[in-house]
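Listed after this line are the structures, all set down as structure tokens.
In the two complexes below, chain A is the common chain; its partner is chain B in one and chain C in the other.
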Partner chain A sequence: MLSPTIVRLGVRSIFGRWRGVLLIVLPVVLLAISLLVRGLVGDDLDAAEGTLYGLGLVVILPLVALLATSGLLAPEIDDGSISYLLAKPLSRHTIVASKLVVAIVCVFVFGALPMFVAGLVLRSDSPSFAVGFGLASLLAGAAYCAVFAWLSVLTRHAVVIGLIYLLVWEGLLGGLLDGIRWLSITRWAAELIDQIASLELVDDLPLVYALLALAVTFGAGVWMTGRALRAFNLTGDE
Partner chain B sequence: MSEIRIDHVSRWYRNVVAVNDVSMTIGPGVTGLLGPNGAGKTTLIAMMSGFLAPSTGAVTLDGEPLWRNEQVYRKLGLVPEREALFDYLTGRQFVVAMAELHGLADPGAAAQRAIAQIEMTEAQDRDISTYSKGMRQRIKMASALVHDPAVLLLDEPFNGMDPRQRMHLMELLRTMGAEGRTVLFSSHILEEVEQVARQIEVMVAGRHAASGDFGAIRRLMTDRPNRFVLRTSDDRLLASALLGDASVRGARLRAEGGIELEASDFGRFSEVLPRLAREHGVRLHEVTPTDESLESVFSYLVGS
Partner chain C sequence: MSSPSDAPESRGRPAGVIHDLGYRPYTGPRLGGGPVARSFFLTGLRNAYGLGRSGRSKVLPMILLAMMLLPALILVGVLVQARDLLQYDEQLVAYSRYPVVTQALISVFVAAQAPALLSRDLRFRTITLYLARPMPRTVYVLIRLASLAVATFILIAAPLALMYAGGLLADLPVGSETKDFLGGLFGAALLALLLSGLAALVAALTVRRGLAVAAVIVVLGVTYTAVSTIQGIAFSTDSEKVGQVAGVFSPYTLVNGVQVFLFDAPNATVLPPEGTGMGLFYVAVALVMAAGSVGALLARYRNVSP
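Up next, the complex of A and B:
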């Protein structure tokens, strides 16, 4: 189901481009701000929540997922070099799954792990806070990766559309309209954090629904990406 | 022995027709796909590569559909026109990776064989980003040959190659054709195609304009009427003399001076013109062909 060669090529392609640098910068920013908040405000729940939720889960984590996923698929589709992967007797789902493994490891290293560490920095006496944000980040990140992978195969403007989706849907509307929680990866992750760390980031969302929604989004994204890649129209410059 | 069949295939993008009701069969040996830029060659090759669905019709390899069928790549090798490669790898790493993706038993050995075949052994450990255009073309070729495919499709493979690399690639294609492989390459240069290909398929404006061995295509292209503008010391006298010869189809005196002339048999005309001019004491100042471009050759083919 996985191709070690595609995984290996994927790792090299992410760090062979400038996106690789951005992937490192984002978690560094999160950790730096967490240290700053802790230094200035001390061990404060509101400040810690605001930092990890408002900055970490809503901004940094989806950006890491977007950069990692689009960095794995979009450039190869843009310049046509994906044809070297497609012209092989490999299931398209294997190609997608192998690429997503790399993206999810990136999300773990540059998203979930920094969230966990930032949680420990902000609330050193309450490890469940860090565990909640770390675990939710990993699950939400995986779902984001699957969605962005599908976007990358559907359109050449995956990064722009991904950013608009994050800003408008997850960020702006998610904050304004309550009902969005049923259809928002960030809110599903927040519900999981609520349960683990006994917080109240999101109201009135069953945990089972949140977990199922994350799983379905991930599965559907992977499957749709493979399907789209199978019927992928690739031509030259003509 | 493998065969690609294209059966009444059309492909359009919204309301632009790129390939218009084309049928052809590509069998063992080297076939050249000839046509001017924008004739639909790349679209046709993309459909033969399984990268594009025909809007109507069917493209098959030994009876199996090429679209949505990744197993065909076991016997199909592709050399795309686009330059992009995995620049962060060395030539060898790239070819080994391609061998691994094919699931070959010994990817390292297969890669070495393919790299030696295209004479890239010396440069194989350099990053692809440092390669010249010709070297990129060759490493693409190695990646397409690594699994020893029965069918090889190459889109404009001679672009950007220097004369020595060109000769070498031509030799390689000839050898592969002689081994019984089905080799198809596209080009917009007649001389290139006729040096390598036994069979030539001509595409013009999305249509299959002609098909045959290079002798037949060459005759089609040279027997077309040739147009010239002549500047002479006595236009009227020479024009009337030329009209008396069978190789000249028409002549018109231009208001601004000079003769517009259409010749049907180029070989004979090139011999008759100086002779008649000498006989009538007319000086030839200038003889200019007006339709020598390849596009005009092709448009003639379409019209016929």
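Up next, the complex of A and C:
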């Protein structure tokens, strides 16, 4: 199901040039701000929640997923070298799965793990807080990766469209309209955190629905990416 | 058999000859650097909104402009209704607050258009053709930056102008409205300069378009969220100095603070700068940020080989 060569190539394309720097900067910013907040207010639930949810889960984690995923497929589609990859006798689903494994490991290392550590920094006496944010980050990050992978096969402007989706749908509208909790990866992850760490990040969202929705989004994203790659057309820029 | 490069040299003759094939040369007036720069600026400005480019590249900037204008239009509508009922005599959302409320849209615009103007010239080596014209590379950089800054300014100032026109038509007091509006325009110009300076610098350092877009968003979006998180926490714990200093790290909060200090405009953050010292600090940081990004951009282009 996985091809070690594609995994190796994927790792190299993520850490080539500037992308690796950006991926490292994001968790460093999160950890630095957690330390600053801890220094300012001490062990405070509201401040910890505001930092990890408002900054970490809504902004940093989706950006890590977007950067990791867009480094895997988009450059090859951009310069046309994907046709050499597609010409190999490999199932398109294998290609997608191998690439996504790299992206999810990236999300784990640069998204979920820093969230866990930041949770421990902010609330050292209640490990369930850190565990909740870490685990939810991993699941939400995986779902984001699948969605962004599908986007990057569909269009050349995947990064811009992904950013608009993140900033407008998950960020701006998600804060204004309560009904978006049924259709927002961040809110589903927040419900999982609520259950593990007994917080009140989102109201009135069943845990079973949240987990199912995360799983369905991930599965559908992976499958649709493979499917889109099966009938793939290289088109010119602009 | 000898290679073509050393053959003429060995015989001591010139390497190439331009034959006059009898075509009629151009004898009309040749415009100098000024008109070249002007038309280059206009092309860049039009391209930032997708004019003169393919239909698909018009979609994003036009949608963003419409999304910027829509809340302003709704606000004017509400203002007209509320003025009769509730006797409002000022804008519902102040001019200085509007860019901060819509910061996500402005960031996406700058992030999408800065690479379109700068990264592609580097990636596809079209910069060679530009630098072959009678236009120094300093001028090339400054004109590209000016196109981006003016395009961003139009995006930020258009809804403000709509609100101003609506406010005047709804019979708000002309004097105070005009004063607030001019302050808002100054803020929009400063914000456009800071945003496009930072975005152009990031885009010039990144040759790949998609990565440049993400990098600009990381710089603009993450700093804004981090600043508002820190300010919120500093506000609730009464450590106001930390929150006020934190405000200089995002262009949006920085420009809003400058407006609060210079024009006594309504603040969009929970911790605007208080006192002359902090206000001057905000102004100084804004100037350093603008000059620094332009200087770094010029330094980046100094060793781009034509």
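Here is the rule we go by: the second predicted complex is superposed on the first by the 234 of 238 C-alpha atoms of A that agree within 3 Å, B and C clash if a C-alpha of one lies under 4 Å from a C-alpha of the other, contacts with A are read in each partner's own complex, and residues count from 1 in each chain.
Heads up, the rule we're going with is that a contact is a pair of C-beta atoms (placed from the backbone, for glycine too) under 8 Å apart; a residue touches a chain by one contact, two chains touch by 3 or more.
Being a predicted model, the structure only gives us computed values, none of them experimental.
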So, after the overlay on chain A, do chain B and chain C clash or fit? They fit
| message | So in the superposed three-chain picture, is A:W182 touching just chain B, just chain C, both, or none of them (first/second/both/neither)? | response | neither
Rounded in steps of 10, the angle in degrees at the Cα centre of chain A between chain B and chain C is 70
Comparing chain B and chain C in the superposed model, the one touching more of chain A is C
Check whether A:V59 is in contact with chain B, with chain C, with both or with neither, and answer first, second, both or neither. second
Q: Considering only the touch criterion stated at the top, classify A:A47 as touching first (chain B), second (chain C), both, or neither.
A: second
Key: Contacts of A:G16 with chain B and chain C, given as first, second, both or neither   = first
Message = Let me test your reading of the model: by the given contact rule, A:V160 touches which partner, first (chain B), second (chain C), both or neither?
response = second
- Tell me which partner A:I33 touches in the superposition: chain B (first), chain C (second), both or neither. second
Once superposed, chain B sits from chain C at a minimum Cα distance (Å) of 10
Chain B and chain C footprints on chain A meet at residues 238
In their shared complex, chain C is touched by residues of chain A numbered 17-19, 22, 25-26, 29, 33, 36-37, 40-41, 44, 46-47, 50-51, 54-55, 58-60, 63, 66-67, 70-71, 74-75, 78, 157-160, 163-164, 167-168, 171-172, 238
Per the touch rule above, chain C residues touching chain A in the complex are 53-54, 56-57, 60, 104-105, 107-108, 111-112, 205-206, 208-211, 213-215, 217-218, 221-222, 225-226, 228-230, 232-234, 236-237, 239, 242
The residues of chain B that touch chain A in their complex are 18, 37-38, 40-43, 46, 49-53, 68, 70-74, 76-78, 80-82, 84-89, 97-98, 100-103, 143, 155
Chain A contacts chain B in the complex at 3-6, 8-9, 12-13, 16, 79-81, 83-92, 230-238
